[in-house]
Structures are given as C-alpha cells and as structure tokens.
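Scrolling down, you'll hit the structures one after another.
Presented sequentially are two complexes of subunit A, the first with subunit B as partner and the second with subunit C.
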Partner chain A sequence: MTVRPEESTGAMTVRPERGADAMTVRPEGAAGAVTGGLLLYARSRTLPLTVASLAATGALAVWAAHGLDAYLDPSRRVPVVALAPLLAAAAIGASLYSASEELDRTAVRPWWRRRLVQLLALTALAAVLLPPAVLGHVSSFGPPAMIRNTLGCTGLAAAAAALLGARLSWLPVFGYVSAVYMGAAGVHGGVVPVWAWLVQPAGEWDGWIVALVAFGAGGVLYVVRGARPEGPRG
Partner chain B sequence: MPTIRVTGLHVRHRKTVALDALDLDFGPGVHGLLGPNGAGKTSLIRVLATVAEPSGGRVEILGENTGEQRRRGTVRRQLGYLPQEFGYYPGFTVREFVAYVAWLKEMRTADAPAAVERAVGRVGLADRIDTKVRTLSGGMVRRVGIAQAIVNDPRVLLFDEPTAGLDPEQRVEFRELLRELGASATVIVSTHLVEDVAAACTEVTLVDAGRVAWRGTPGSLAALGESAGAAGSAGDNAIERGYTAALRAHRDSGRPQTLEGTAR
Partner chain C sequence: MTLVAKEAEAAEAAEAAREAGSGKRAAPPNHPLRAEFLRGFAPWAGAAVLLTLAVGMAAAAAEWQGGWAETRDRLHVGAQLLGVPLALAACCWQGGRERRRRTGELMSAAARGPLARFLASALPVACWVVAGYAVATGLALLATAFYATGDRPHLVVPLTDAVALGSAAVVGQVVGRLVPWRLTAPALAVAGYVGVGVLAYEGTSPVRHLSPLADGSVTDVPVWWQPLAMAAWTGGLATAAVLAYAARRRFTALLPLAAATAAGALLVQTGDGLWHADPLARRQVCDTSTTPQICVNARYEGLLPQVTEALSGLTGRLEGVENLPVRFADLPRRPKPDEAELPMITPIGWSVVRGRLTDPREFAWAAGMALYGRGECETTDPRVARIDDAVEAYLAPSPLQQDFDEADAKGGKAERDRLKERIEARARLAGMGDEERRAWLSEYFATADECDPKEVPAL
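Showing the complex of A and B:
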C-alpha cells in the first residue's frame, strides 16, 4: 500500500481504484456475508443460548461442589460429576433441533460437516467448562470422570436426537442418569458394574470404553442422519 | 426440451403406495397439479424438491439425475421450494429468514443481500422486511415462504399449496407473480383451488391415487366440463365439472387416460 504512490502515474489512475474496491466491497460483501450466513445458522440452532447454558452449568457445578463440601470428601462429588454432564448434554441435545428442517434438506452442501463441527465444538466447550468444579487434589471423581461423563451423556443425547428428535433428546439421558444414580446408591464398596459407568471411579477402564463408544456411536448416528424431523412429517 | 423428466417413479410411505410408476415431464411455464387429498401431489413435489427419496424410478431435473448425490447440489442451486408447512427459527426477521435460505442455496455472497430485498419486495412485504416472522399474519408468513422460494431466481419452482391462507386480493397478486415466474422458469403448483389453475396455469396435471388421471390445458379441462355438464358431473363451473368428470373417467377406466391433442 505504501509503495503505490511511488509507482508510475499510468498505474496510479487504475490501481488505487482497484485497491479501494477490494478494501470496501470484498470484506463487507463477500467475507461479511459468509459470516452473516454462518451467524444466521448459529442463531437458528440457538447456539448463543446453548453456550450460555453450558457456562451456567459450569458455574452451577462449582457452586454445588462447594455447597456439598466436596473438597473434604471426594465421594460427595458423585452427584456433581453425574448431574452436571446431564445438564450439559441436555443443552447440547436441544441445540441439534432445526425449526426449518424441510427447507434445510434443500441445502446445496451436505450437512454432515456442519453437524460434526457443531457437536464437537459444543462437547469440547462442555469438557472445558465443567471439570473446574471438581478440581483439587487427585481423586476418583475429578476432572477425568467429569470429561468421561460429559462425553458419554452427550453421545446418548446425540443418539436420542437422531432417533427421537432433538427436542426430546434430554429425556432418555435424564432417565438413564437417574436410574444409574438411584441404582448405584445400593452398590457399596465392591466393583461398580459397567452399566453404572457414570459413577465409576475414573481409574476403571470399562467406564471409559462405554462412554467413548456412546459418544462415537451417538455422534456418528447424528452426523450421518441428522436430528429426526419433528414437523408435520416427523 | 423438458426441464423435469420423471420416469417410472415409485414412492412408498411405509406400506401405502403414494406414487405408482409415474411418467411425467414438465417444460417452462406454470403447471397446475390437481387431485384429491392423498392423491400423491405432495409426495411428487417433495421428490422433485430432492427432500424425499423415491423408492424407484428416475428423476432428471435440468439434465441432472437427482438420484446421484453429487448432482443434487447443482440442481438445488437452481431450485425453489415452498413446502406445505415450512418452519422458521422464531427469532428471525423476514430478511434474516430469506437470507438464511439464500445461504443454504450457496448464493454468491455479494449478491445475496440485494436478492433478499428483491424477493421480499416481489411478494409485497418490503415494508415488513425487518419484522419478526412470528409476529406476521398467516397470509404474510405464506408470502415470506414464497419469497424464500424465489430468492435464488430458480429455474425450477415447486409450490405446495401456495395460496392456502391468502386472501382473495393476495391470491390475485400471487397468480400474477406465477405468470411472471412461468415466463422463464418451470413452475409446478400443487393446489386444491381450481380457480388458481384456470387463472394462472398453462397446463394441468390431474393426479389420483398415485397415477396421472388426466393432462391437458385449463381450456381443455373446461371443455371437458362443458360436455360433461350435460351428463350431470358435479361442480359449479366448467373447470370444476371438468375436474370431476376427468377423475370419474379415470377411476372408471382404471388406467391413465390422455386426451389426444392436449396431452404433452
């Protein structure tokens, strides 16, 4: 840009105009409208609200862990480690809903990339926001357990969105987590069974395997099929 | 040269057959799709809009086979579709909703804002462009639906019950718009209102039980009604009588019927 005034006068008359064109039209027109389209997409999936919900869940988890004096007794962290991922998964599942499903099907680009990015980005955000609640000395129900449960619950919600519809995707996760939480209350000492992977200490392998399989299978199901239509043709 | 060519199209919904070995072609102009409830009109429109998969047969739009995943994008860029019920994110204004569809259609980003304003203007909602869609009346929402369908200046336009919810004046305006669009594009309009067909369509296809019952011009359907009037076909005007007579003849014969000279 600083070189141009020193260029030959013949080029001067043309180039500054082109430069001005590129400066004023392209960034606002092309790039601006692209982000405009993506912004509309993000709003149509209520992503701002979802991000706020995840942040609120993180804050709630910190408050709950403190209220339960969980830093004194690691086992008191179990409700936080089980319920915070449930709330996060419910928020992520709800964001997979599209109000304009029928028109979305006429999109020129295949949807799988956008679905994949949306699911991974929100899951990553939840996996960053929730663990601080259970930070502290190393324990069985610390950040690794929180991340494991976030992955597992989100996978269940994604599968439920694909099979039942996004707006009801929280229901199976809620039912499952409640059942595990109540069922596992009867398990004292001994080995926590695989179905109760949510309340397993983070050191157990099989809990991680179940959570990763749930996330992988649920994620693939959602990314390939999308949320089940809930409109008149649902 | 037809822009849409359908051969041996089969569509099933669970155990019921919606469309049965349908062969049809459509060229530029406005085509009315008439038929009783459950005849298969919406199924046909949805398959043409590439939102539903047929269980058999071939659909070619603008020379591209829509059965091939890779070809669909090319077709969709040039396609406009108004579903019977389209949803919209409740927070969107008219401008945002139509811009969202323009984005789905991968319109050139520099052209999109002007195209959105033009489309909204064409349906007479320019003064409401920054109003939330959810606050509009039913008829206005329908017009927003029409605006999103035409935003990309499509070469193929599919309208499913576009005039439902429009008042008589808006319907007259919409027919005018249809005629305008039909001058260059292939427009298919599914409707129950024979007045729309008589006023705006260049050709009529009557569908019954998943098959083509009759094809011809609105004039020839009216002529059929005139001759059937004496035979006691139900209907308040010639074209309605023609509609019932053609349906009855199709059901009696049990196979597709075409009129010499009027069918494509």
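Showing the complex of A and C:
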C-alpha cells in the first residue's frame, strides 16, 4: 500500500476499520466514492507500467524471433527463449518493490494473499504474452520452453527480491542467465540439464523440474517474507 | 542543505582548532574516492562480472583450454555478450544512486563541477568491472598455459575488450542518470545484448565490423591497427556521451565524437580486410621419419609426439609400402594431390581436450580412412567394400568394428554371409607374408580412389 503524503495530509485519509479492508482509502466528503484497496495496491506496485513492460517484451520477442530464421534450426531461438523471460522476470521482480515498507507493516490484514495474487497474475500474463513469439517446435525451443523459462526466471527474481531487494532483483537473474547461456553452449553431460535448464529443449523433463522448483521456492520465499526492505541507501 | 553543510563545516573547523590547540595532529582524511572504490555497489559489480565470466568460461572449458587462439575468442565472446550488457546494467544502476538516495540536491551544492562528480561515481564501477574482467582473463590464460601445445598468448584482443567494457560502464552510468525508471538497467542490458549481437550478425554487411563482437576465426588475427580503431570507436562514443552529459562546455563532446566517427568509418571501409590469416596457422611441423610423414599445424606443434605415437601402429604397418600419400597435412586448405588430410584436431574439445588426444585409436582409424577414398564413386562394389574393410581392419580398425560385427552376427542370413566374407578377407590379408603384403598394399594404394572394381587388386 502506498499513501502519498499529499493524499494522506490532504482530502484523503486512511481509515483502518474493523471488518473493513485496511487498505481502503476513503475520500472525505465524497461518501460512496470508494477507491478499491486492490486498485491502490496495483498502483503502488506500478503494475500498469509492469504490464506495459511485459507487453513490450512480448513484442520485442516477436521481432527478435522473426529475424533469426529459426525455421532452419530451432536452436537459433535460444537467445529469444532465454532473454525474453529474463526481461519479463526483471519487470516482475522490480514490481515487487514497496516504496512504503514501514507503513505496510502496520496493515491489519496479511499481505501474503496480495503478494501471491500479484506474482501469479504477472507470471501468468508473461506466460501468455511471450510464447507467441516462438510458435512451433514444441519439443525443442517453442512455447513450452518459453513458459518453462518464464517460470524459472520469475522464481529466481522473486527469490532475489526477497533476499536482495526488489529493485536489484534483476542482477542475479541476469548474471545467471548470461553465464548459463554462454557456458552451456555445446556442453552435454549428466548434471548439465540441472544447472542449464534454461537452454535445454522443452522435451527434457529435468529442466522442467528445476524451473518449477525455482518458481515454487522463489515464489514461496517472496510470498511469505515479502521483498527485502530497502533503505534510501540502496 | 547549504545551511547544514555550513554548520558541519564550522563544527569540523572548531574540532580541528581544538586538536591543534591541544597539540594533537589530526589524521589525514581519506580521499573521497577511496570510499567510492571500496564501499557500495562498485566491488559487487566487479564480482558479478568475474563470477559470470568465470562460470561461463569454466562450463565449456574443454572447448578452449589449451589453445591460445580459442581462449582469446572465448574470452572475447564472453566479454562482449556477457560483460558489456552486465557493465551497462551495473553502471546504469549506479547512475540512479543519487536519485534513490535523494542526495541529488546536496550533490549539486558541492564545490566540484558536474564532470568531477560524475567521474567520482562512474570511474570506480568502471574500474571494478574492468578489474573483474582482468581477473577472469588472467585465470583463463593461466588455465590455458598449463595445457598449451604451441602458439602464444594473444593479449591485444582482451585489452581492446577492456576498453569496450569500460566504455559500456560509463555509458550505462549516463543512461542511469538520465532515465529515472526502475527497469532502465535490465532493459539497457538487453538492449546492449541485442545491439552487440544484431550488429555482429549483420550477415555480410560491412556494418558488422562496428560491433566489438565481430571477429574472424581462430586461424585469423586482426591487422595491427584494428584494436586501436575499435578502442577509438567504443572509447570515443563513451567519452562523447560523458562530455555531452556532464562537461561544462558541452561542445567538447564533438571532438571524441569525431574521433569515434573516423574510427568507425575506417572499420566499415576496411571491412573484411581487418582480419588476415595468422602466419603461424599457415605453417606445419612434420615428423619425417614415418611413412607417410606426419604433420600437425604449428598452432599446436606440441601435439606432434602424441599424434605420431597414436599413428605409430598405422605407420609401422605401412613401412615399405609404395603409392602412399607423402604426408598427413594439417593446414587450413585442401590437401594437395600427393597429401592426405590429418584427422581434425580443431575445434578442440572433440578429438583433443586439454592438450591430450581423447581417443588415439579412433584418431588412428580416421587417419587410415584418409588414405583411401571412394567417396566420389556413385556405388561401391561389394567386393571392393570387402577389400577396403580388410585394409581398414589391418591398418587401424575402428573402435566400433566389433560392435558392427556383433550386430551383423545377430542379423539375417544376408548380414551373416557378408560378415563371414569380411572376416575371411581380413584373415587373408593378415595371413600374407610381409613382403607379399607390402607388394599387395602398394598395388592397392595405387587404386585407392578408383571406382572401377576391376582396377582394385583381388584379395
């Protein structure tokens, strides 16, 4: 929840009421005109901009995949299948930032439901927007691989937001994706699909397991703990 | 802010006066840059570059360790595809620091000008990024030094890449200061990746030479001025961006911009002429004591004893045989008519890993197969195929020969009959006397590329 100073000191006041949503902000003198708590929550997390970023990522992925001549060799799609989920995860991770962490802690209702809904909704949106860029080649680098990578990268970003802070959550994900992208090219072996799940064909089930574990663990960590509080020195 | 600063200054002066009065000498204050270098985000950025490059390099170590040119190229790709986007993103994040801390107003009241303030914030991160890259480069070169089999370290390309990384770092800082958006850093990183990649893979267009990623192959080296031009191109653009953003006289940005444009024009105009074949790669070293002689490329001349050892069984059996190629050649061109091609040693990571032949038996078999070739024949007569198989089994059998034989033994009657004939032919060749076999093999190698079955001597 964000209550801007000009809002809280002006005509708007925050009234945590028993039985009512603690986040509801009622403008005085305008009875009945209630701004929903969820709407304020969405605005405080810059969700409109995040949704726009995800849409732009999807468009960029379509453009990039178009120029790769992937019909010759599906593995040419690997840059798109790795980088588009990375950018989407960065957008989702950055949206987990709360500008008023101390104030949030005073809320009556638990935050975990909102966090869960936010994370799931944004991940689902990304999983819908990105796959159209790589239609076909289902068992190698097609829509399933894009969805798997979106889940895995988002899980990593959520974990990084919980441990490092939401604003810098993109950094570990970026480093990991970059290193795997370069290091896993042409490397095969027993444990390679475990750490290089990102660049495995979608038919490899161990890649899916790692991505789902990453999403589950990162998601639970964020939902339970929230993003790490960041001071002005961040 | 100004009042607060003045008060702090007055308190500091009073403290200094007290210490002077009491005869104590105040410890000299640390330079402000010291804190910028040692604390905050800068060391983390360097660590991130080092870690990313180290993991990316180590995971595929078999493909570059032991070859200096391969190490150079792998580091180059790592620096450009991982380092540049990471440097852009990390420094972009650093650029937004004053905004996040809300200290922009305080900083604007500082005595130093905007350029000095910018550099005080940007240079530490740039230096740490380059230091991270330098350590990764040092580790990679060290890893190769233990297994190197020839050639020499190529240091000019890493130096050029360091300039590109430093340039990316300051450009990232400029963008971070200009664009107040939480996603600027990752978006800039992806833009950097796409920019470097798209430029480099711009087909045959000469524009691709503007990308710092563009390069030749492991057997190519750049002309001597290419690194200078590339450094002027990347460094000039970055300097122009910094001066345009922070200089008191912004028109000074035109000077580095002009230098960058000139360097860029030079790179585009020269095009493919920027790279030429490495003179070393066009030489080979040979062991002339064997028949045929064995040559390996001078880039990995240290492998010659191993290759000679691996082929010793083959060359031993060919001693005294005539009509053979003069040598196994290993040059970046098609072998001459009197030469056979040495089985592929490069790209390393397959038949050679960390300076060792991975499978000498298979290498010897591949070398034996290079001595005769009926690849251009439309069909191969079964009798000739049987004879070729017998020669192959005598000189250097395939490691998979037994598997093929077992598969045929379990097959239908036709397969079993073919296997029986093959085994009989092998036995006939093996059972010949030495002189007789040498004479027969000399006759056989005279028809090694004949398609007409009548030309091939009977066995």
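In this section, the second predicted complex is superposed on the first by the 186 of 234 C-alpha atoms of A that agree within 3 Å, B and C clash if a C-alpha of one lies under 4 Å from a C-alpha of the other, contacts with A are read in each partner's own complex, and residues count from 1 in each chain.
Note that in this section contacts are C-beta pairs under 8 Å (C-beta built on N, C-alpha and C of every residue); 3 or more make two chains touch, one makes a residue touch a chain.
Quick caveat: nothing in here was measured; it's all calculated off a predicted structure.
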Looking at the overlay, what does A:Ala99 touch: subunit B (first), subunit C (second), both, or neither? first
Which superposed partner A:Ala61 touches (first subunit B, second subunit C, both, neither): neither
### Task
Would you sort A:Val199 into first (subunit B), second (subunit C), both or neither based on which partner it touches?
neither
Report task. Considering only touches as defined above, state whether A:Ala107 meets subunit B (first), subunit C (second), both or neither. Result -> first
So in the superposed three-chain picture, is A:Leu40 touching just subunit B, just subunit C, both, or none of them (first/second/both/neither)? first
Subunit A positions within both the subunit B interface and the subunit C interface are 46, 232
Counting only contacts in the complex, subunit A reaches subunit C at residues 46, 53, 60, 64, 67, 79, 83, 86-87, 90-91, 94, 97, 167-168, 170-171, 174-175, 178-187, 196, 232-234
Subunit C contacts subunit A in the complex at 48, 51-53, 55-60, 63, 77-78, 81-82, 85-86, 89-90, 93, 100-102, 182-183, 185-187, 189-190, 193-194, 197-198, 349
Within their complex, subunit A touches subunit B through residues 25, 29-34, 36-37, 40-41, 43-44, 46, 98-110, 231-232
Contacts from subunit B onto subunit A in the complex sit at residues 49-51, 69, 73, 76-77, 79, 81, 83-92, 96, 99-106, 109-110, 112-113, 148
